[in-house]
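Below, chain A partners chain B and then partners chain C, in two separate complexes.
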Partner chain A sequence: MPRILEVTGLKKHFPHRSRNTLPWRPRTMVKSVDGVDLDLEVGETLAIVGESGSGKTTLARTVLKLYEPTAGRIVLDGADITEHSLRRMTPIRRNMQMVFQDPVGSLNPRAEVAAIVEEPLRVQGMRPAERRRRVAEMLELVGLNPGYGSRYPHEFSGGQRQRIAIARALSVDPKLVVLDEPVSALDVSIQAQIINLLVELRRELSMSYLFISHDLGVVRQIADRIAVMYLGRIVEEGARDDVLLAPKHPYTQALLSAVPIDNPALRGVRRRRVLAGDTPNPANPPTGCPFRTRCWLATDTCATTAPELLSVSPTQRVSCHVATEPPQTR
Partner chain B sequence: MAIRQQQERGAPVLEVRDLTVEIRTKRGTITPVDRLSFTLRGGEVLGLVGESGSGKSVSMMALMGLLPAGAARVTSGTAFLGGTDLLSVSPKRLNSMRGGVVSMVFQDPMSALNPVMRVGDQVMEAVRVHHRGLGRKGLRARAVELLELVGITDAGERMNAYPHEFSGGMRQRVMIAMAAANEPAVIIADEPTTALDVTVQAQILELLQDMKERIGSAIILITHDLGVIAEIADRVMVMYAGGKVEEAAVQPIFDAPRHPYTASLLASMPKLSGAVTTMRTIPGAPPDLLALPQGCRFNPRCPLADGRTECHTRAPELVHLDGGQQSACHFPAEVEKAFSRSSDQIEEGGERA
Partner chain C sequence: MRTWSRVRGVLRDPGGLFGALVIALILIAAIAGPALAPYDPSAQSLETRHLPPFWMDGGSTAHLLGTDQLGRDLASRVIQGARVSTIVGVAAVLMQVLVGVTLGLLAGYWRGALDAVIMRLADVWLAVPFLVLAMALAVVLGPGLWSTVLVLGAVGWVTFARIVRAQTLSIRERDFVLASRVAGARPIRTMRAEILPNVAASVIVVATLQVSQMIIAEAALSFLGLGIQPPDVGWGSMIAEGRDSLSSAWWVAAVPGAALVIATLGINLFGDALRDELDPRIR
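This part shows the complex of A and B:
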């Protein structure tokens, strides 16, 4: 399969001045994304899961060049866009679009829905008559009445607003859509409608999705592959069922075991791995393996050497000294 | 205190009858809570489930006397907590009960805590309000004890920290310590884990369970997450558009829901097991409270309402079924059959949200 996206060694560091730092001291850096490799095939959905502070949103925005990468390479559809200027990015943006979490904040409250959906088309230089036709087509595609184009965002429910945001992103016929927690702000009943819509659209329009989420249940519905992030790095990556059914990294295992299960009869029966404490501060990450401070398998090696992401099967990669050890030495 | 004595397991602690709340809006008056009745029993966790706008938070705010004055008001109902009607006592008396016999944990611990006050002082204040006689030393000792109880290490030292120096999970622990400070008969927890990461959520749910055992409070847990309900609730109350549509012990809610809304919610929940298929959805969106449908409020989204005139003409009353289950559906016996059918049937009809 041809690849739509190839990311190698991607880093995004933000300067961070802590309270105790004097102005002439060197500023510390928050390593939000710290060496991420990923690739995405045409028509594939890769989910990035992780908790708050894991760097998943920064990764998504850096991939789209909404942030300037600190290091690494981003290749979109065969072209290296890492060094592209803002101006050179404009024509490329028709191939890469984004849907945000908050359907209220991401739509201009003073613009009519038609103008919102039309904007990327205008940027890409489409003629007005053609634009109008395309807007009606897009609204219909996402399950909205095309006659609603003259209404304003506040006249719509949360789910409908997310449909508008999806229509806007898809209007330019992108090859890659980055969805950042697109259903997290929605009620359960609406969530399912939007997930189904996204799955259906991807199939019809043969796009690729980079799907950012903290919700493993949602991710399971939509992803072909899953990458788990912790403190700016991918700790495990693999085919959906590998990661969800046979997680190798202790963090993935803990994450899965923390998800509540919808069966009260299993209460107390299921063995739960409750992680102690919180994710460490990304401005001051642990040495060696980022997860070792909360890991129950951590050894001396983990404190000194950061593990690399290694293949444990053709479809699964793990970054853990213990999990990737050869079985005889374990 | 009289209320403490009633707290043996199973005895009613809080009895709410016909609670109705009205809110005046620019477009007209809405009734976000409409004749809600329920009983909270000693030592139990009562889960309160519903989507946004179902009235779950508003009803609890009404009980706590925390509705915004002027815009919202309680128009009917009683809520007896140990012989006192929360809805008719003087504001002064209610003030003395809040944090004493009934306390609350909010969703967002960052905005519920005072950002410019040390954590320890806030916990001490929560204790002091109801223990006027205690000296500063006594207050401090009690506050440290509470923080230790909720699992904050180095509690003595952490007393001097400000809320922003704590993580979200730690802040929620502080909130729980404050809510538990006076060993209340009732703790109302409004989405206490919604703002937290899933690994931290697991810690907080464990803590709530543990606190309940230790101090014997009954807990009302408001959530939109049926997974959380499955983890921690003993009984469940499901709300839709201002009214209770179903109530039952937790197991029957998951095994044999008797209201189509409960069944729909369960069906549209993303799961971590079973085959991955097109998700079952609930068509449409919750109704506009200014333009409620005729008859049953759920009828525009209900798979059972098709071609049944009752659903469109008469609002169903809450009926008591066997096993103590309650359902506000004209056809509670049909729910099971309707939801075991193929998944695509429910998606037909109804306008999409």
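This part shows the complex of A and C:
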């Protein structure tokens, strides 16, 4: 399959000046995204999972060039867009769209629904009559009454607002949609509806999704592949079932052991792995493996050398000295 | 629909209703002044100088609010003066809004050096007393109606720039602004289509209150002889003319003074009601 998105060595560092630092001291950098490789095939859904502060959202926004990348390359549909200026990005936006987490914040409260949905079309230069038709079409596509165009966002429920946001993102018929926790602000019953809608739309419109989430239950329903992020890096990446059923990285194992089990008969079978401590400060990450401070398998090597993302099977890669070492040398 | 319910909301407030009536009266006087005025406001009549208002001894219903030192009908002159107040108030505030909102949006959206330059300029502007700055400019530009507008417009933009900048700083962090960038919008479009509508309510409210400030400022400049010049009639210059006869014929100054007080009070009450309705946050 051809690739819609290829990201190599992507870094996004934010300057960070603590309160007590004098202006002429060198500023520390928060390494929100620190060397991420990703690729996404046409029609595929890649889920990025990780806890708060792992850099998921920064990764998503940097891929969309909402933040200027510090290093690395972003290739969308065969074209390198890393160095594109704001002006040159405008036509590219037709192919890459985004749905935000909070549908209250992502819809302008002073704009009518029709104006919100047609914003990308207007920017991309579609004529008014065509736009009107397209807006009605899009509202219908996401399961809203096309007559709602003249209403304001506050007249809708959370789920309906997220549908409006999806209609806006899909109005320009994008090839890649970045979904940044699109259901985590919604009620559980509504989450399923929106997930189903997204799955259905992806099939109908042959799009690719980059799906950011911290909810492994949601990811199970929508993802083809899963990448697990920790402290700005991908620690494990692979086909959905590989990652969910046979996680190799200790962090993924800990993450999965935190998912509640819905079958009471299975309770107690699985070992709950509770991580000690907090995520380290991304302005001052540990040497070597970023996870070693909380890892129960950490060795001396982990403190000195950062592990690389290595294949453990054709469909699974993991960044861990312990997991990728041959067992006999351990 | 929303607009109509807001209008009703303002009119339900007693202050808002009073203000709306005052504003309506001023506008009627400004537009239809010559048709309403019983006399030509500059017609002199030396036989009927310093006539008191009709309720006082010696007053007559022919000149309801009395006459001034040249026998001109005060009621007609007050009506005529409404035109100057309206033009100066509205035009000066429009100018301030145009400059202040633009600079505030740019400063708040781009932050950094541009923000620093604009806001330091605003600080310098605020450090000089308003009327002193206006007087200095008025001396340079020379008196007259339109230079008064220019003077007052140039002086008051800071208020708008600061409010708009502060709100832009918070609004620009909301996701819908980012969504507009995802759509491919350039910064100017984002500012106009996404941020501006969200600061409009505060701007409208502040602009209303600012109109009354400008009417007073115009009167002050005219009182000092730096504003409106004859044959134009302004309430400020009328008060100045009445100052000499304050002990013998106080009404010559008091009648335009009362007009000024009622007008600004009405506009302020209307502005307060409008604020409660549109933007309850900025008390």
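Assume the second predicted complex is superposed on the first by the 322 of 330 C-alpha atoms of A that agree within 3 Å, B and C clash if a C-alpha of one lies under 4 Å from a C-alpha of the other, contacts with A are read in each partner's own complex, and residues count from 1 in each chain.
Rule of thumb we're sticking to: a contact is a pair of C-beta atoms (placed from the backbone, for glycine too) under 8 Å apart; a residue touches a chain by one contact, two chains touch by 3 or more.
Everything quoted here is computed from the prediction, not taken from an experiment.
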Fit-or-clash call for chain B and chain C when the two complexes are aligned on chain A:
fit
Touching A:Ser184, do we find chain B (first), chain C (second), both, or neither?
neither
I'd like to know which partner A:Gln253 touches here: chain B for first, chain C for second, both or neither.
neither
In the overlay, answer first, second, both or neither for which of chain B and chain C A:Thr324 touches.
neither
Kindly classify A:Gly105 by the partners it touches after superposition: chain B alone (first), chain C alone (second), both, or neither?
second
Quick check for you: in the superposed arrangement, does A:Leu64 touch first (chain B), second (chain C), both or neither?
second
Check whether A:Leu86 is in contact with chain B, with chain C, with both or with neither, and answer first, second, both or neither.
second
Touching A:Thr299, do we find chain B (first), chain C (second), both, or neither?
neither
Have a look at where A:Val218 lands relative to chain B and chain C in the superposition and call it first, second, both or neither.
first
Rounded to a multiple of 10, tell me what angle the C-alpha centres of chain B and chain C make at the one for chain A, in degrees.
80
Rounded to the nearest angstrom, what is the minimum C-alpha distance from chain B to chain C in the superposition?
13
Chain B residues touching chain A in their complex are 51-52, 167-170, 197-203, 205-206, 224-231, 233, 250-251, 254, 264-266, 268-273, 276, 278-283, 285-286, 301, 352-353
Residue positions on chain A within touch of chain C in the complex are 61, 64, 66, 86-87, 89-94, 96-98, 100-102, 105-111, 119-120, 123-124, 165, 168-169
What part of chain A is in contact with chain B in the complex they form?
51-52, 143-144, 157-160, 163, 187-193, 195-196, 199, 214-218, 220-221, 244, 254-265, 267, 272, 274-275, 278-279
Would you mind writing out the residues of chain C in touch with chain A in their complex?
174-176, 178-187, 189, 193-194, 197-198, 200
